[in-house]
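Next, two complexes with chain A in common: one pairs it with chain B, the other with chain C.
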Partner chain A sequence: MRRGADASRHRALSREAVIGLSLALAYLVFAAIFWAYPFFWLARLSVTQWRFFDEPVFTGGRNLLLTVQDPQFQQAMWNVLRFLAFYLPIAFGGALLVAFGLQHVGRGKTFVALCFLLSNVSSGVAVSLVFTKIFSSTGPLNAWLFGWIGVRVPWTTHPTLAMLAIALVVAWKFVGYYGLILYSGLLTIPREIYDAATLDHARPLTRLFRVTLPMINPQLMMVLVFAILVSFGLFTEPFLITGGGPADSTATPQMMIYETAFRRLQPSHAATMSILVSLASYLLVLAARRLFERKVVIA
Partner chain B sequence: MTRESIARLVRSRSPGGWAATIGIYTLALTWLYPFAWMVAASLKPTAQIYTTGLFEGDFSFDNFRFLFATADKLDRPFLQAMGISAIVTLSVTASVIVTSAFIAYALARLRFPGAKLFGDFLLLQMVIPTTMFILPLFVLIKQLGLLNSLGALIFPSMMSGWGIYMMSQSFRAMPEDLLDAARLDRASLWQTVMKVVVPLNKSIIAIVALFTFTGTWDNFLWPLIAISDTDRMPLAVLLATFSKQYGGYAGPVMAGAVLQTLPLVLLFLLFRRHFLQGMALTLK
Partner chain C sequence: MIARRTLLTLGAGGLALLAGCGPRRTEKRTDRIRFWVAPNEAEEGFWKIAVARWNALGRGLPVDFTTIPTAGSSEDTVLSALVAGTEPDLCSNIFSGFAVQLAALGQVENLAAMPGYDALVARRNMGAILAGWTQNGQVSALPIYSSPTLLWWRADLLEKHGFSAPPRTYDEVYAFCDRYGVARQRYGMQVVSGRWWADRWFDFISFYYAASGGRPYLEGARALYDNAAGQQAAGFMDRMFRRGWTAMDFDAEEPLVSGLAAGAVRGPWDVERFARIYPDTLARIEVGPIVARAAGEGVGATFSDSKGLVIFKSSRVARPAFDFLAWVLGEEDLNLLWLQRTGLSPARGDLLQNPRFARYYRSNPIGRAYADHVVNAKPPALSEHTIDIQKIMTTKLVEPLMGGQLSPADALAEAVAQTNRMLAVQA
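The block that comes next holds the complex of A and B.
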């Protein structure tokens, strides 16, 4: 009797296991084709010479050497840092403003959040085309600036301003989302800490830097990591707004990979680039966490 | 609102607090300015876009008419591109939802050898940036002979590790007795998932569907690489090439931008609760 029950339970379990395994297997087959196989090709391309139609020829570390020495690739990697130099202050400033704003407005919270998040879900292509017009020399932004202070700003034809323009567009897109992340951190700060700070006669600025910002360190880190990933993945906005110009000053690694593979027809070179770019973004994220991550301890 | 309650509301905040409130609402509305400008520009003759104020000018649907009728003759079939975008986006979304629901059910609720390893594999996949794969994916699609076809846009996205992972997290929280009941009734896999699991997890399924939809509709780099024939291009790519070649037609370009944005904005406004919920989920 008991053995019979055991056996039937065992059989039921194995039927369950068969279903589970075959479902997992369906995904693994898909991943093998569209994930592992490309992964294998990426590794293969990085150590061979190939031009889309011939057989790959093994060249060892030559691609790596060529890529590291490529001045355009160096420029593109440098541009990531130039982008971050503009983007981080704008994104963090804006996100903090949104977070404190959400905390402040109370009843209209959802409306304010939706206004800031609409840019996040809308189309990158459409938005880039709109900002191309807004930033153009005769566009509404310049018309407004001219009427206000009498200058026209060459937004897309000056190397530094062009990068600022790209950073502004990308910040416009993500500030709402980052703000929401920081706001979720603000919600976790216990009221008593502020009361204690007020009792100690802490000024608002002291409160911000000594209490609020350290308390939301996990959320700030999250925004920083997202911002780094965004900066390495940048393509649509610079591709459509500046085309990488003037003189490669807004060319991003993803644009370089695209140009190298499909315009200059050097896929091996491009494969090496994409591995290096992923590695660089991983290392920068790691460095950022080492430098700025703090454990929040409420004693 | 009665006068008293307004008075109470006014008194409840300091002058500085009121300034901050007005400031934040102003900033929020400023954030919408590019959308307002886009819609206004799409309704004006190109010559008036830069010379008139936001709400001035001769508004008409001429730019949209141009896009659907004249652009066709310039080898820019916008109506067809919208159809392609719709087909690709809907089939990818449908496929991702169905496959994710079943596989996530297996991962979350069925005991099978290697289940833990499978979950770890999904996490590993999510850590590695997808942009790295675009070039070798092109090689694969070329080998399969799928370049310049809708298959190139649909097949690589038919399943989503992220979708499986998100759903499985939610499926784990379901009460066991409902699944026990299904088991006692000898419900098939199909019945269990469709009749028990899906109705109990509508929220997460909506979230996965919405984010898959917006991501696919607005995908740019991959279709730019995989599709080179203008009559196979999805809207995002056709619009970009049109703008590059006929940038002078600012009005029609903005009309195209409106068409590209409209489905996303409508979905966002209709399902705003799910979007906010989904964004909150990714924060955990």
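The block that comes next holds the complex of A and C.
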């Protein structure tokens, strides 16, 4: 009797699994075509020498050696960290302002939220072209600064300021989106916790650092992970605004990969770069989660 | 049962999708010539007429043309098509450096080996121009037009500051800038064209060619521009920045329109743009040569922005395609039509002597100035490492000069040394 029941449950589970599998199949096929196949092709390319039209020839670790010794690639990877140093404070500061601001909006909250999202969905190319003009040494921002305090800021021709300019443009694009993520976190914090904190005479800053920020840790982590991924995937803004200059100070790994594959016609070398970039981004995300992720339990 | 059927259906669909992603090279046709042309209205209009005439004449295989199906750069699209096997037989809009890359990859025909090549060169008077397109006796692309770079000046601003003609020497530019420039508000001339590697064609390389009389800046795997001409060109750029006679960039606006700068390097393609957007400014433009230390006798040298046509190795109709090419490039009527439609000077050495073109240039002084320089306009160095060479030129020479971090001599030495190291590694 017992064996019969087990067999019947097994058949039922199998049927459930088959249905689940068939539902997941579309995604699995998609992932196989657009993720697994390119990844394995990249892995194969990275240990070969191939120039688009010939047969790949196995070269072992040569591409890896060339890539890690390439000063331009090293500079591009360092530039990711430089970008993050500017981007994270701007993005988190801006996103928190958006989130707190939204809490105080009464009517038309959806409209305001939608407005913040507009910058996120606008074309990176169009945005970059507009900001190129704004940041120009002879552009409106500098004309205003010159009229006001008599200085022109070399936004795109000074290595540090150029990276700051890129970070500002990218932050403008993403701050609204990040703000909405943080706002969703703020909505989940029970009012009673703040009441209790107030009874304990907690000041606003104490409430921010002891209650609000710890309670929205999952949302903050999500924004942090997104920000890291954005920094490793950066292409359009530096490509159009600074061209990677001055002195390669805003060149990014994605720009290097594109130019190596399609301008220098060295796809094997570019494949190695792309694998290293994915590994670096994965490790950085992992490190960030280890360091900052906390479990939030609302009893 | 339902699940199994669903699985089978989804599996079949997935396999079909995978099969569709497999390599599938297009079977090359032998009854037509497939031709890609530059994706712009003016050139497309020309090819529409030229191809219709060829097809009506019935002198060879009919031609089917489309614009290069690109949303970005033509090079990326051509490359993708070559990898996918969907490239045409014939393609225009190829710059010489890309043609050399394609030749190094064995993807394009050597046009110098085609029957009828010598007759075409003679008929089109393009022997001198082709010197810059020939590498080891091989011609991978035939230039269809040659667009010299020249300096545009606002004639009204020159006159107002005591100049009756565009400056021809560095000293004349300095003298004008001294009178016209207002610190950090108004500049004599735009010196640096932009921050992209290709912008070097329109600043340092143009100045170098003008200073050296058109001597090459690269030979094989060796950069040559750390010489007297390089010193002069770099010295000029350095002085313009140190004295504040030019700005770091002019991205915010077209400087010639507002007079933010009174002079700038421009190509003939800008004539059509200005005629459309800034007709009033165009009426006040006077074209002068690229400045050098001393004004030489006759027409000075400058850079030529040229595009050419290639025939792909995979073509099964390479000979008929070359016949079409030779017909289009060799027919004076079509060369004139090209000039009228695009405003770009055909790459031929007799533009001002040949009466067929004289009438066009009589009524078009700016076009005439460009035509004057076609013979002395030099294309970029033929190298498959063009991008790296010019990126080094940007980061080690032009940017340090802009910021004043290095002297012209040190910047030149550093740029040349790094270029040579890069070329040695690539070799």
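As a working rule, the second predicted complex is superposed on the first by the 258 of 299 C-alpha atoms of A that agree within 3 Å, B and C clash if a C-alpha of one lies under 4 Å from a C-alpha of the other, contacts with A are read in each partner's own complex, and residues count from 1 in each chain.
Keep in mind that, in the parts below, a residue touches a chain if its C-beta (ideal position, glycine included) is under 8 Å from a C-beta of that chain, and two chains touch if they have at least 3 such contacts.
Remember, predicted model here, so these are calculated numbers, not experimental data.
**Q** Just checking: does A:F262 make contact with chain B only, chain C only, both, or neither of them? Give me first, second, both or neither.
**A** both
**Q** For A:K133 in the superposed arrangement: first (chain B), second (chain C), both or neither?
**A** The answer is both, since A:K133 touches chain B and chain C.
**Q** Taking the superposition on A as described, I'd like to know which of chain B and chain C A:R51 touches: first, second, both or neither.
**A** second
**Q** Is A:L180 touching the first partner chain B, the second partner chain C, both, or neither of them?
**A** first
**Q** Counting touched residues of chain A, say whether chain B or chain C comes out ahead.
**A** Counting contacted residues of chain A, the larger count belongs to B.
**Q** Could you look at A:F146 and tell me whether it touches chain B, chain C, both or neither (first, second, both, neither)?
**A** Touch partner of A:F146: chain C, not chain B.
**Q** Once the shared chain is lined up, is A:G233 touching chain B (first), chain C (second), both, or neither of them?
**A** A:G233 sits against chain B, while chain C stays out of touch.
**Q** Scan A:A26 for contacts with chain B and chain C and give back first, second, both or neither.
**A** Both partners, chain B and chain C.
**Q** Common interface residues of chain A with chain B and chain C?
**A** Common interface on chain A, chain B vs chain C: 18-19, 21, 26, 33, 37, 52, 132-134, 136, 138-140, 262.
**Q** Within their complex, state which residues of chain A touch chain B.
**A** Within the complex, chain A contacts chain B at residues 13, 16-21, 23-24, 26-28, 30-31, 33-35, 37-42, 45, 52, 97, 101, 104-105, 108, 110-119, 121-127, 129-134, 136, 138-140, 143, 172, 176-177, 180-181, 184, 219, 222, 229, 232-233, 235-236, 240, 254, 257-258, 261-262, 267, 270-271, 274-275, 277-278, 281.
**Q** Can you list the chain B residues touching chain A in their complex?
**A** 17, 20-21, 23-25, 27-29, 31-32, 34-35, 37-38, 41, 49-50, 54, 99, 102-103, 105-107, 110-115, 118, 121, 125, 128-129, 131-140, 142, 155-156, 158-159, 161, 164, 189, 214, 217-218, 220-221, 224-225, 236, 239-240, 243, 250, 253-254, 256-258, 260-261, 264-265, 267-269, 272, 275-276, 279-280, 283
**Q** Can you list the chain A residues touching chain C in their complex?
**A** 15, 18-19, 21-22, 25-26, 29, 32-33, 37, 51-53, 132-140, 146, 152, 154, 156-158, 242-243, 245-248, 259, 262-265
**Q** Quick check on the complex: what are the chain C residues that touch chain A?
**A** Going through chain C, the ones touching chain A are 3-4, 6-7, 10-11, 13-14, 17-18, 21, 75-76, 79, 82-83, 101, 105-107, 184-185, 194-197, 247-253, 255, 260, 384-385, 387-388, 394-395, 399, 402-403.
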